[in-house]
């Protein structure tokens, strides 16, 4: 346990510079994006009011509707979903890099890591935990970023034009945010459980490649493919299976895949891995 | 040491932020509504749900409102949404009931189709499936056979048998209209059309076969002209008359036919007597802006003309189509401004209307036309929320 | 005693170690000698469980290798420093302290002074000699019974080399078994107890240095000449 | 004179057992007075570090010296260099004999007569002594 925690802390530390950059990008991009889009919208409102001789925002709202937080966001959507996409892509790449960086470069750290006392599976757990924590960290950042963004929206949009929504409604109706941070606790756990299972499968594929090189690469790709098919498999039996069965089967298969991945990874790390 | 503290802080931040987010989200964020009984027996409210929209800022939130409260689509879990959207869950209440009671028997067959029908009584659940018609070039290969699955409700045992197809169906297209178990015979009503189909169903026939549930022997099947003496060269649409439970035992089969510029015709077939009898009723006039629907149970046919300002209901006794009574209802009778929508229930007509600006529902007894229950939608928090609520239709619970 | 019993290692179709057997005793300095590509490094990695073998057995004090050995049985100093470049020397020491129960902090501090390493320097900024010294330090400061060294002198300046060599006559390796690989034997010939000569994945000669001097009046290099240039 | 000076590592001959070279180093030290009779000797470990040799070799060298009576260990006390005049004298004898043997071995190949050789040695010896004397008088 002690060694596992030390490894997690070390793994977090190894990524912190890129991570800080991702966090900064998220904050800056979303703040600037919202500011810019509200400014653009308000310019349009003023221009339209002048053109049509409307004297108050209330009249404008009556005629053209209000400006919601959602519409403000959607005008400069790339600043929001774009920053999220960059973060997601970076973390997805890091799922691979978190292993390969130990092998490559002048200093092949994997020598040291494999020679640490205790189970080598600690490496697997630590890296998996790191990926999960890094993902959740960005989610947490997004969570604390929403209230100031909302406040900025309320500050910049005149009351007569504003259309209040809660963060939760915004998230629920936004396809990307609803996927990455579903407000329903069961969904949140399910999404990240499936996500972490996927990461475990990819880790296993990476370890196969690291153990058997080219042949391992083929085996790993096959393993990942079969795992993917198994996870989406139950849904394709929708005409025969009831929803509860499909759901149960998917969860059961994901548990099975997770356990299998951990077991295979443990065996590979113990017996087959090569520096 | 510093690194350890930072890592611990980071982990705490993550857990707290996400915990707070999920915790706050689980509290009901959108206003609650309830369907309250204003008059009559409160149990009536349990049969239905109101479906509509709540305007939440820029979002129109789909909501259903019942006696126990409201449920928003967006606040349901992914699993619940998946469940509701799954094709393996039927939207037809009687099939939902059957599925819930007999999931094994209903597996993979929870839908309704023109080649599939159900019968359900105290002892048996019976399903008849006709295998698909095959079209090879311009030739009709016809059915292969009938397949019958029976579930003995007492023992839970399932029995299946197949029955050969009558030769006459080899060059006709057919759909299953109804099945009824009478004694140890399964009466199977088919509507058949000549093949190749020329777009005109003037010689559509009704053929009722009796399939022995012992050995699968098929008898009967004399063609009955569906609508004798009318609709020459006219494209007609044939369908079954709505009923509260399409799987329930019935003495009569009721079909309706519409044709342009022609009266509506209702055909009654008596399983016991093997005879048909037709009632002709005026079609919907072009001036009438509302809707015209037929509804039946085992004792009567109801013809409904529904408009925003008037409801006219005529009741005909079966099997003779004697006109029993006519009921006329205006919004004032329900202290409403307009009628908005309606739904059929077990011996009920539910009417969606407004009452002093509030969404309300009234239930009519189909037998005598009396208003026996009345419900209104109330907001659980502030009444002002009702202004953002719109009810579009009534759902009957399975 | 480190025992290799008919060890075979293949990389794909290429056999790197063929039925290789030898032992390295505790409290002795054993040197694996061979030209580059003779399989020396692979051998050390195999002993450390860093690469799987396809045949044979490796035992340490009679037990098969496994994760239990990393803390107190055996330490490995690879031919390059294997710590991430962003770490400082101090970070490296803390890393070792965190993970190894048998980390000897006092000895590490002493070696740090002896090698004149600056704790605040980053791994990325160390010179070759400094990196080699830190690398050695990380192995030596572990209280293990055996120490494996892979090419401890390759590419290192003269003075660093002298410092490193002096380690082998000090108490740092006393009571421990040392197994090292090298292809430059001159500087350390007088230091080693035993030389195992490898060629193409096989042991072709295993000698006790003092015996060969006493009996045949030959140096290890003389034997190498005989063996490698017949 | 520090320990380091007394035991400074000689350049080892790789064709001769190191432990014997260590023993000879001791003998020369005794003969030249660098090491004194009765003086304590470093521990095995200290000697290894001082002479930059393998501790096992140091051990073996001490064993050999003990066998030859060069050093003695009494109980738990530290080992010392023997004070036995006979052994100390024999060391000088042995070293001279060894050196002369080696010298003769190499000059024999050139083919010098013993008379010439002795003559040359004497002259050489005297000149060197004279040079040394001159220096000391300056």
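The first chain written gets the first letter, and so on, giving A, B, C and D; residue counts start at 1 in each chain.
The rule we apply is simple: a residue touches a chain if its C-beta (ideal position, glycine included) is under 8 Å from a C-beta of that chain, and two chains touch if they have at least 3 such contacts.
Keep in mind that this is a model prediction, so the values were computed, not measured.
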item	value
Chain ID, smallest distance between chain and overall C-alpha centroids	A
Most remote chain, CA-based centroid, reference being subunit A	D
Subunit A-subunit B separation of Cα centroids, rounded to whole Å	43
Chain centre separation in whole Å, for subunit C relative to subunit B (CA means)	82
Where subunit B and subunit D are represented by their mean Cα positions, the distance between them in whole Å	116
Overall pattern in which the protein chains touch one another (line/ring/star/complete/other)	line
Which chain pairs touch, all of them	A-B, A-C, C-D
Residues on subunit A engaged by subunit C in the complex (per definition of touch)	2-3, 6, 10, 14, 105-112, 114-120, 211, 270-275
Subunit D to subunit C touching residues, read off their complex	12, 14-20, 45, 48-49, 51-57, 60
In the complex, subunit B residues that touch subunit A	3-4, 7, 10-11, 13-14, 16-18, 20-22, 24-26, 29-30, 56-59, 61, 74-79, 82-83, 86-89, 99, 103, 107-108
Sites on subunit C touched by subunit A in the complex	45, 48-52, 67-68, 70-71, 75-76, 78, 80-86, 95, 98-101, 123
Subunit C to subunit D touching residues, read off their complex	27-29, 165-166, 168-171, 173-174, 189-193, 209-210, 213-214, 217-222
